[in-house]
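These notes open a run of structures that come right after.
Shared between the two complexes below is chain A, which pairs with chain B and chain C, respectively.
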Partner chain A sequence: MRRILGISAFYHDSAAALVVDGRVVAAAQEERFSRRKNDARFPRRAIAACLAQAGIGVGDIDAVAFHEKPILKFSRTLETFLALAPHGMKAFARTLPSWLGEKLDLHKALAAGLPGLRPDVAHLFTSHHEAHAASAFLPSPFERAAILTVDGVGEWATTVIARGDGARIEPLEELRFPHSLGLLYSAFTAYCGFRVNSGEYKLMGLAPYGEPVFADRIRDQVVELRPDGSFRLDLSCFDLLADDYLTNDRFHRLFGGPPRPPEGSLDQRHMDLARSIQVVTEEALLGLVRRAHERTGERNLCLAGGVALNCVANGRILREGPFDRIWIQPAAGDAGGALGAALAAWHASTERGGAGAPRSATQPDAMSSALLGPAWTDDDAAAALQVHKARFSRLDDADLLGRTATALDSGKVVGWVQGRMEFGPRALGNRSILGDPRSPAMQSVMNLKVKFRESFRPFAPVVLAERAHEFFDLAAPSPYMLLVAQVAESQRLPVDPTATGLARLKQLRSTLPAVTHVDGSARVQTVTAEANPRLHALLRAFESRTGCPVLINTSFNVRGEPVVASPDDAYRCFINSGIDILVVGNLWLERSEQPHASLPGTFEALPD
Partner chain B sequence: MPKPPTYSTGERLRIGASLLPPFALLWLACRKDWISLDPRGALIAMPIALAFGFLLPAHFAPWHRVVEKAQSWIGRRLVFALLSLVWIVVLLPTGLVLRALGKRFLDPGRRESYWESARPPGSLRDGF
Partner chain C sequence: MIRLLREFLRFLRQEKKWWLVPLVVILLLLGLAILFSSSSAVAPFLYPFL
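Entry: the complex of A and B
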């Protein structure tokens, strides 16, 4: 028995993962428990949840694996300051204190964060991209594959191409800081007024409203894309030392003005910028994928790193790239580094025979549908709800599914909390808000009255895997909502081609208007009975009633809030938002029957 | 009814110690003849203040919080000043010399390809 705890922390999205004898037993992000979005602090609550899931204590851990090499990262930070001299004195004095504490002396930070850890327990460190590569390949369904990891930056690498074979991961080549697709996308994210490390998907959602009028300017003056897939940023456009915006005056002149302040008005220029950087990012990613294919000759591709959460680009990689099959780690961002570090440590362990020992790929993958967080029983949930004097009834499965399907069909918005919490940024049907995708008003209702977020934001559909082809032009299953596909032509409706910008939002675009983005695309999640029996059964019940096997699936939270974890979080969110029905396990709650009009939230709302 | 806060021995000592700085300043002022008082008075008052803080922590806790904030504010500025000095004395000249010698850490210059051979994975036990 060997129990390895993986940890990612201190930058953003800290998380923990527990691997027992090579099997991923639990994984969770700290933000879900601390109720602070993108929480970067040591993930003590996530660790406690992982250990509880396995029924073990800190003293039972055999190794702790961290997802970065701290000294290498520190040396990159220092070299950056050397390179930027005579600039950077203030940034140096501001940045270094955090390094002189827990970031650099990780042995001390781990010992402090894990009281009760045995003194003989090894502290292991993978590199940042090693952790990403391990999280991409080792749980994948492939025996052999090319691996591509792309993110902002780890130690020095920003992009890595590797080959996975059995349990061995062989890094082949890399691009280095500051030449980074993740940083480039984040620079545009900040420039358009969204928060770096969380607002990137908003920029992606904004892109279809614009035209790629700045794409040539980006290619000519900001990033040089080489035919072999490599690229180089023009550093004269960036301020690498800035805290808030990564861009400088030259960048602002190039793109027609100063950065949009957070919550400022969104105009056509921002939409065009979003579209332009999305187009360039897709081109760059396709170049990287072709290079990975050339270098490895493999037929399968595994992806991870924050840029792999760009599901529009992933859809193009699947359709236009040279690989037969792709698999994307559902927790592709830094949270997944905890999982990758733990898996890498397990596969390198001598108990297992080292990295040369064989590995059998698991089908459909070894991620347990990404349902790796904690679960609450109905009794636990009832106890939590009774604290609030909530009014609920306990239903049997058939009644629950029937009532939920009826509520959805009548235009109600349903909060749906079932089983184990998802690991990764997407709610995959266990901490979700569900709605009827056929309703033309539903996108606006859910954005403005339920989630209190921007009206332009699209919603994703969840569909029965066996009927996905009738509604979406999807070339492969998409169990983790990481692929964007066009809504099938048979479901599309004619639109006015002269409409521009946010005016396009009001057009009826398909028979599923609430999940069809303005460009006719949708970020699809396909569900099988094996992957999520409960959600599959609900889709079946909705299909029986309406003929439609599709629902809206969006994360169970409001703007600025982490996705709910516990029944208590869910009840507070239910009461404070416009959700009509809350289903927790087999417990059924209706808003009109609740004794509260509002409840104090438990999360620290962050601007986004 | 809320329970009154309890204080550990360490917390009591810290609260007591937070009462010392005014007396230390008073002692210094007397020693330098900025105030015409006997400095021994300030020295005698210090253990008494410490004892009061230790025995009546709830009364002095607000003062303790003020002192902590002030310490933190002063500490941050001292660290900032010290690190600025390190930057001026070490990083700035080193960076300029390396640049004069043609060392470019961040910009590879225009090339046919920007791919670099991947660094082979090091030992998992190393943080570097």
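Entry: the complex of A and C
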């Protein structure tokens, strides 16, 4: 038996993954345990959770795989500062101490973070994009596939096209820093007043409110999209070493003003900017996908890297791209690098310190529906709730599902905690807040009263896979909520086409108004009984009561908080938000019966 | 630390980036100077250089 621990850390979203004899046994992000969103620190709590899941200790680990090559990354950092000196000296002085500490000397960091690790255990390092490519291809359902990884930057690469065949991943082409689609999108994210590395989703959600009036300007003066699928940024528009924004005065003049401060007013210009960069990003990705197809001739495509979380672009790649099938790693961001590094080490040749194991593709994939985190038994949950003197009842499955469906039908918002926690940024029905998508008021209620976030942000539907085609124009299953599709024409309602901006928010657009974005799209999650029997059964119960096999599924957290992990996190979030009902396993809690009006939160809220 | 230095030398040889050596040496000296200036008897002699 060979146990490989994968780790990603020290930039954002640190995580751990445990692969035992090639099987992904556990994976989790540090933020869920430390309660600090996008936590970048060494993932000691996530590691402990992964080891506990497998019932082993640190001394049982046979290899540790890290998702980056720190020396190469340090060299890139030095060369960048040197190229731009004396500009950026302040940033250099700020960055250097962290590099001279744990970030560079990973051996030391691993020894400190993993006390008890055997001295003979190999420390293996994949490159950042090797880890992404491995996370995209090795757990995918394909024996062979083209691989495309796109993110901000790893060591030098920002975009990689590769071919996967069996256990082998052959890199074919790459684009290098600073020419980066991820950095470009992040620059617009910061310019529009959202936080880099987490606000990109907001920019994508804002895009449908705007028109692509700046798209030509972006193509002409900011990024050159070339016929071969590559692209180049015009560096005179950027300040890559700036403290706050990635853009400079030239960029600000080009787009009509200074950056929007966080929490500043959102006007039509920001919406148009969001739409414009979204359109250009989609074009760039489609160019890359066509190039990947040309170079590999493969019929299947695997995607990873932070940009692969752009589910609107993914929807277009599926519809307009040349590939028959696509598979996207659910933890496509840096957290997934931990998983990729561990899997790459399992399949890597023994000369490179790996196990040299062959691979055969698993159906529907080898991710266990991304439910790879820890689970709590009902007894554990009851003990945690009793600490708060919470009032709850224990129900059997049939009663629980029936009562939950009834509550949802009557407009109640339900916190739903079941089984193992999800790995990756999306809540897929085990740490979710659920609601009725037919309710016209639900989007506003859930945004403002439950999650305390911006009113413009859309919610995603979860739908029985077998009935998804009746509600969404989706050409493939979307088990990880990574594809955006149009709501089916049969469900759409006529709207006033003259409305603009946030005024469109109030329009009734379909029979599922709470999950239909202003452009008629939805970020769909399809569920089968095999993938998540509990959630499937709840959807069935809601369907048999209402005829509607769709629910709103949003992550169980409030603004600035990581998704809840434990029953204790869930109870605190339940009490401090506007959630009406909390279901933890088979335990049923109603807000009106609880002895608290509020509880101290355990998370460190981050600004947007 | 020795392991890291060995790997760094291997990296410099593989990538033929020997020109990084002066930069890294200066950074190391600077780091050592800062370390000493905060906790040693040589501090008064180092202050003029910091």
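Basically, the second predicted complex is superposed on the first by the 597 of 608 C-alpha atoms of A that agree within 3 Å, B and C clash if a C-alpha of one lies under 4 Å from a C-alpha of the other, contacts with A are read in each partner's own complex, and residues count from 1 in each chain.
Just so we're on the same page, contacts are C-beta pairs under 8 Å (C-beta built on N, C-alpha and C of every residue); 3 or more make two chains touch, one makes a residue touch a chain.
Quick caveat: nothing in here was measured; it's all calculated off a predicted structure.
Looking at the shared chain after the overlay, A:398 reaches neither chain B nor chain C.
Shared-chain residue A:82: touches chain B and chain C both. When the two complexes are overlaid on their common chain A, residue A:448 makes contact with neither chain B nor chain C. For chain A, the partner touching the most residues, choosing from chain B and chain C, is B. Once the two complexes are overlaid on the shared chain, A:508 sits clear of chain B and of chain C alike.
Looking at the shared chain after the overlay, A:108 reaches chain C, while chain B stays out of its contact range.
Comparing which residues of chain A touch chain B with which touch chain C, the overlap comprises 71-72, 75, 78-79, 82, 96. Taken together, the chain A residues at the contact with chain B in this complex read 65, 69-72, 75, 78-86, 88-90, 92-94, 96-97, 106, 122-127, 130, 156-157, 160-162, 169, 171-179, 224, 226, 228-232, 235, 240, 291, 344-345, 348.
Those residues of chain B that touch chain A in the complex are listed here as 76, 79-81, 83-84, 86-88, 91-92, 94-96, 98-99, 104-108, 110-122, 124-128.
Contact residues on chain C toward chain A in their complex (touch as defined above): 1, 3-4, 7-8, 11, 15, 17, 20, 23-24, 27, 31. Interface of chain A with chain C (complex): residues 71-72, 75, 78-79, 82, 96, 100, 104-105, 107-108.
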